[in-house]
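What follows is a set of structures to go through.
In the two assemblies presented below, chain A is common to both, partnered first by chain B and then by chain C.
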Partner chain A sequence: MKNWKQYIGIIVPLLVVAGLMLYPTITGKAAARETAFTILKAIALASSLNILLGYTGYVSFGHIVFFGFGGYVGFYLLSVQGVSLWISILVGGISSGLLAFLLGKAILRLRGAYFALATIGVNEAMRAFINNIELFGGPIGLTLNFKAYQAYGGAAKALEMAFYIVAALAFLALIMSYFIRTSKFGLGLLAIRENEDAAEVMGVFAPDAKTWAYVLSAIVPGMIGVLFFFKNGNVEPHDAFPLHASIELLVMVMLGGQGTVLGPILGAFAYQGMRGYLVTSDFFKDIQLSVSGALLLMIVLFIPSGAIGWLRQRNAVLRRVLA
Partner chain B sequence: MQQINLLLASLPDGILLGFVYGVAAMGLTLIWGVMNVINLSHGPIIALGMFGTYLIFNKLGVNPYLGLFIVAPIGLLLGILIYTVAVHRVINAPHLSSLLATFSVNMIIIGLGTAAFTTSPYNVDFNMGSVSLGSTTLLGTRLIAALAAIFATGSLYLFLYRTRPGKFIRAVANNRAAAELMGIPSSQILALSFGLGTMLAAISGALIATFFPFSILSGGGYELKSFVIGVLGGLGNPVGALVGGLALGVLEAVVPAFMETSWVPVIEFGLFILVLLVRPNGLFGAKQ
Partner chain C sequence: MTLLLQVQGVTKRFGGLQALTQVTFDLPKGQILGLIGPNGAGKTTLFNTINGVYHPEEGRILFQGKDVTNKMPYHLAKMGMARTHQIVRPLNELTVRENVMVGACFGHENQSLGKAAKIADEVLEFVGISSRTDQLAGSLNVAQKKRLEMARALASHPHLLLLDEVLAGLNHSEIDGMIQMILDIRTQGITIIMIEHLMKAVMNVSDRIFVLDYGEQIAEGSPEEIANHPKVIEAYLGDPKLAEQLMEEN
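Let's look at the complex of A and B:
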């Protein structure tokens, strides 16, 4: 245990997620579980996005497409084919990964703002496409028969189980994020972020590395999608591909510090907490969007490296400790 | 035969609409061409233009086309303000910063707009009669909107090519460092370009409001259309934007004759991705 400090970069994030997982049991309130669910979902999605955005430096404005697409595929299996939740989640994740692989082969050739625009296009095209597919219920979407929850011991038990699965997925996203960050593969991604051409000269095969980063950042969102729609009991094109949710994820990653393991967690926490406060406060509830916008602007203009990035720049000890 | 009749009926309408789309896209593409910033606050400004027409016509009783002369300068000033507050500091930062900075402006406008107007739909009850041409009927409002759009394009062209500030803008777009060395005040020129871009957005919104119902959120759809048009015509190429706008207008008129209207966005965004991949400089070449 002499060099436990070396692992503090993963220990702190894991403790945060574990704390969130136990939080509803400790407080014993039902509403606490809803809050914790939203934060854990945000942590898992933001940490996944961070693999592409923070490590590789590619700005995906439509990352929610993987949440929606995986969610749709899994939910179709769940509600129409009657497949079990576990397999549906797995298939949802795999199909998102597959979509990312195919998309990545095409659009990762674009750089900078062109890539960002293409991801917006992909999200909108997918939403409009699903809207026209009869198999997925067209514009009405799909609904889960209430009886389906019986297999998991009734609706209340199913909701509780969904909470623990989202916690598990958040753990998965974090561990993935940490191992990529500390691996040679991750080093290649960081090199691409700094200078793609130079990275290629140094022996990083950029097209493959980028594609795999894209795939790895798409799997967990797909799984979360299935789980989220299972919990809601229905899925609609409008809910599955909200462009603003993609941008909220970007904000979380940016807020906490892109390219760090702890950053997206902190960002997800801060953003959801702030939103929760603004929506419920009497004074801000009408203009909560404006207040979030103004805060975001402040961060972009004055602390572009995010909270963790800022701390790392200030303090040499933290720089070594925070991954 | 039925399809051809349908086409003849909807095509002129699509072309007229295309001019108005083109003006919105021109604003986006001008900003991109001059400073390589994708303006994500474009949509809400289009929506503000719509509400400009609403307030001017419904509250003040002024003709919406005269109202353009009020909406346009306000759009220009708003753009200069947005540039100074939100964009100037991140103009040389990575793309993510300018995208998020303009998106935060988007959130601020939508938030304030929702508080002021709610998100329910509004309608400007304004009629200019209609013109019949054989089997097709053209709404007067759309005809005038298209003429106004052409007028705006022509003015922009004259401004960029015949006036000193216009030449400065083109110089800064071409090479900012070199322009600065020639004594061009680049910060002011960038602010002016951003102002012109938002002015065009506001004008197109003001025109759209004369024939479509709208809410504070409806700018988002037109912003996405502007992206598609901008990419079709070549980002940074204002004339290409007008041509791209026409192409989109025609597409929207032609596709419903052959398949369900709900396929239109699939084709639009599919084409968008395809053009980005195959010809990222647009079908008609990039900035000039």
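Let's look at the complex of A and C:
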């Protein structure tokens, strides 16, 4: 019984993702799969961001740069070089990880607001850079030949497959998040979040730990990028590096509770649910981003540790159960 | 007698301010060295320099015979140096046990999480806050936070422990408890340097005392020698003759 309780912190998140994966099959509606795809993508991205934001305490305002960069590299292999989707996804993830490693060495020495500003700069610089790279199609971007889907049994089959891949990536992000949270490496990250100087004095190799946290938080977004553009059939600089998507990710993580495994999942779920309602309502459809802005403001003012964090602070039992 | 720490001619400047001037001393294994001096004398700066937070402009620091002058704090922690801070630095959002586990996990013994949890429970028992184990560190009061600082440092089973004013802000009974704890730590074979303003405590606990004033070492010796050293009296009270007069009047 006690053992079972110990793992509730990972069982609940896994059940949520499994439920989402089965949701389209249960309802049998075509639109349901699109909804579930968006939520699973948000879960994977938010859980990844949480490794840096929630565990390490570094606010990345431009995390979408890894989605865009990995997506571009993978999509280039897919559309121009004719490499298979699997390898493209893998290479997309690795190249985002590499980018994070190099960026980490350069900007993770900055703390607080300076790091956050630097990440915005990186995102905008990358967009401008890609815009001028002939290899990646410049401002027009790249398009996938419709025939490419044939290798996966036609467009309809390929879309279905993409859905299951996004579910698998959400699982991957979750499991990574859980293992980091419960590992010694994760304890070092939490110590850095709470007080970096004190952590260093106690022997945490902060520069290395931060860099690895950054790398681990970048891999899944890169893979998701490749998959997303494969599903869309094209990639453009404008779609690959949307700054507002970075901010939406922050809202998700903050809403659910930074620094917990379950928090970003609940946050992604709730935020995408709200967004789904807002973009279809007559009144809110043009101002839905301002609603997220207001929401972020409310969270920061009233529940800075998010929904799960709020519960953990008030109950010692929940603190042990909700990793 | 083997030397655990050697500080040789260490000089530290902050812009135009000379914080430490040619500080030199040796610390044999197993001793308690008291570090005293008026406010602003450079005591904490000396700790920060030994511990790798600052790097000195001149001089060398040897720890266990190895030159560690330009090492970072985490390198020194891995070599077996631990410290507490004058202004406590708890990891607020982590539990008391997790705080102590950080010390055990990342210190020179590099413990696994499971082993670290056991060590944490033992050390928390030793410092007397085992009833707070599952509380968040941010919810402790100052005396408990000081004990937590101590527990974190001890959990790494250090060779050298730097204590920065662990008695400040404690009441009488808490001070007696803390002094007893320091003596207990010494019996475990841990070498200690302690900064302290409370003379009664330093004089009773230390084997040797080192006095800093305006970044310069003005005296070094046994507690008795230091208590009667004219330069020390001058540093604390101004004119030594005046100090003597005051003493006689009492």
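Just a few scattered comments:
Heads up, the rule we're going with is that the second predicted complex is superposed on the first by the 318 of 323 C-alpha atoms of A that agree within 3 Å, B and C clash if a C-alpha of one lies under 4 Å from a C-alpha of the other, contacts with A are read in each partner's own complex, and residues count from 1 in each chain.
Keep in mind that, in the parts below, a contact is a pair of C-beta atoms (placed from the backbone, for glycine too) under 8 Å apart; a residue touches a chain by one contact, two chains touch by 3 or more.
None of the values given here were measured: they were computed from a predicted structure.
Within the superposed three-chain model, A:Leu187 lies in touch with chain C and out of touch with chain B [touch as defined at top].
Within the superposed three-chain model, A:Asn195 lies in touch with chain C and out of touch with chain B [touch as defined at top]. The partner that reaches more residues of chain A, of the two candidates chain B and chain C, is B.
Once the two complexes are laid over each other on the shared chain, residue contacts for A:Ile175 go to neither chain B nor chain C.
By the touch criterion stated above, A:Ser290 is placed in contact with chain B alone, chain C being left untouched. Within the complex formed with chain A, the chain C residues making contact are 51, 53, 72-74, 77-78, 82-83, 85, 89-95, 98, 101-103, 105-108, 112-113, 116, 134-136, 152, 156. Every residue of chain A that touches chain B in the complex is listed here, in rising order: 53, 57, 59, 61, 106-107, 109-110, 112-114, 116-118, 120-122, 124-125, 127-129, 131-132, 139, 243, 247, 250-251, 254, 258, 286-294, 296-297, 300-301, 304. By the touch rule above, chain A contacts chain C in their complex via residues 183-184, 187-188, 190-191, 193-195, 197-206, 259, 305, 313, 316, 319-320. Within the complex formed with chain A, the residues of chain B that make contact are 32, 36, 38, 85-86, 89-90, 93-97, 99-101, 103-112, 114-115, 220, 224, 227-228, 231, 260, 262-266, 269-270, 272-273, 276-277, 280.
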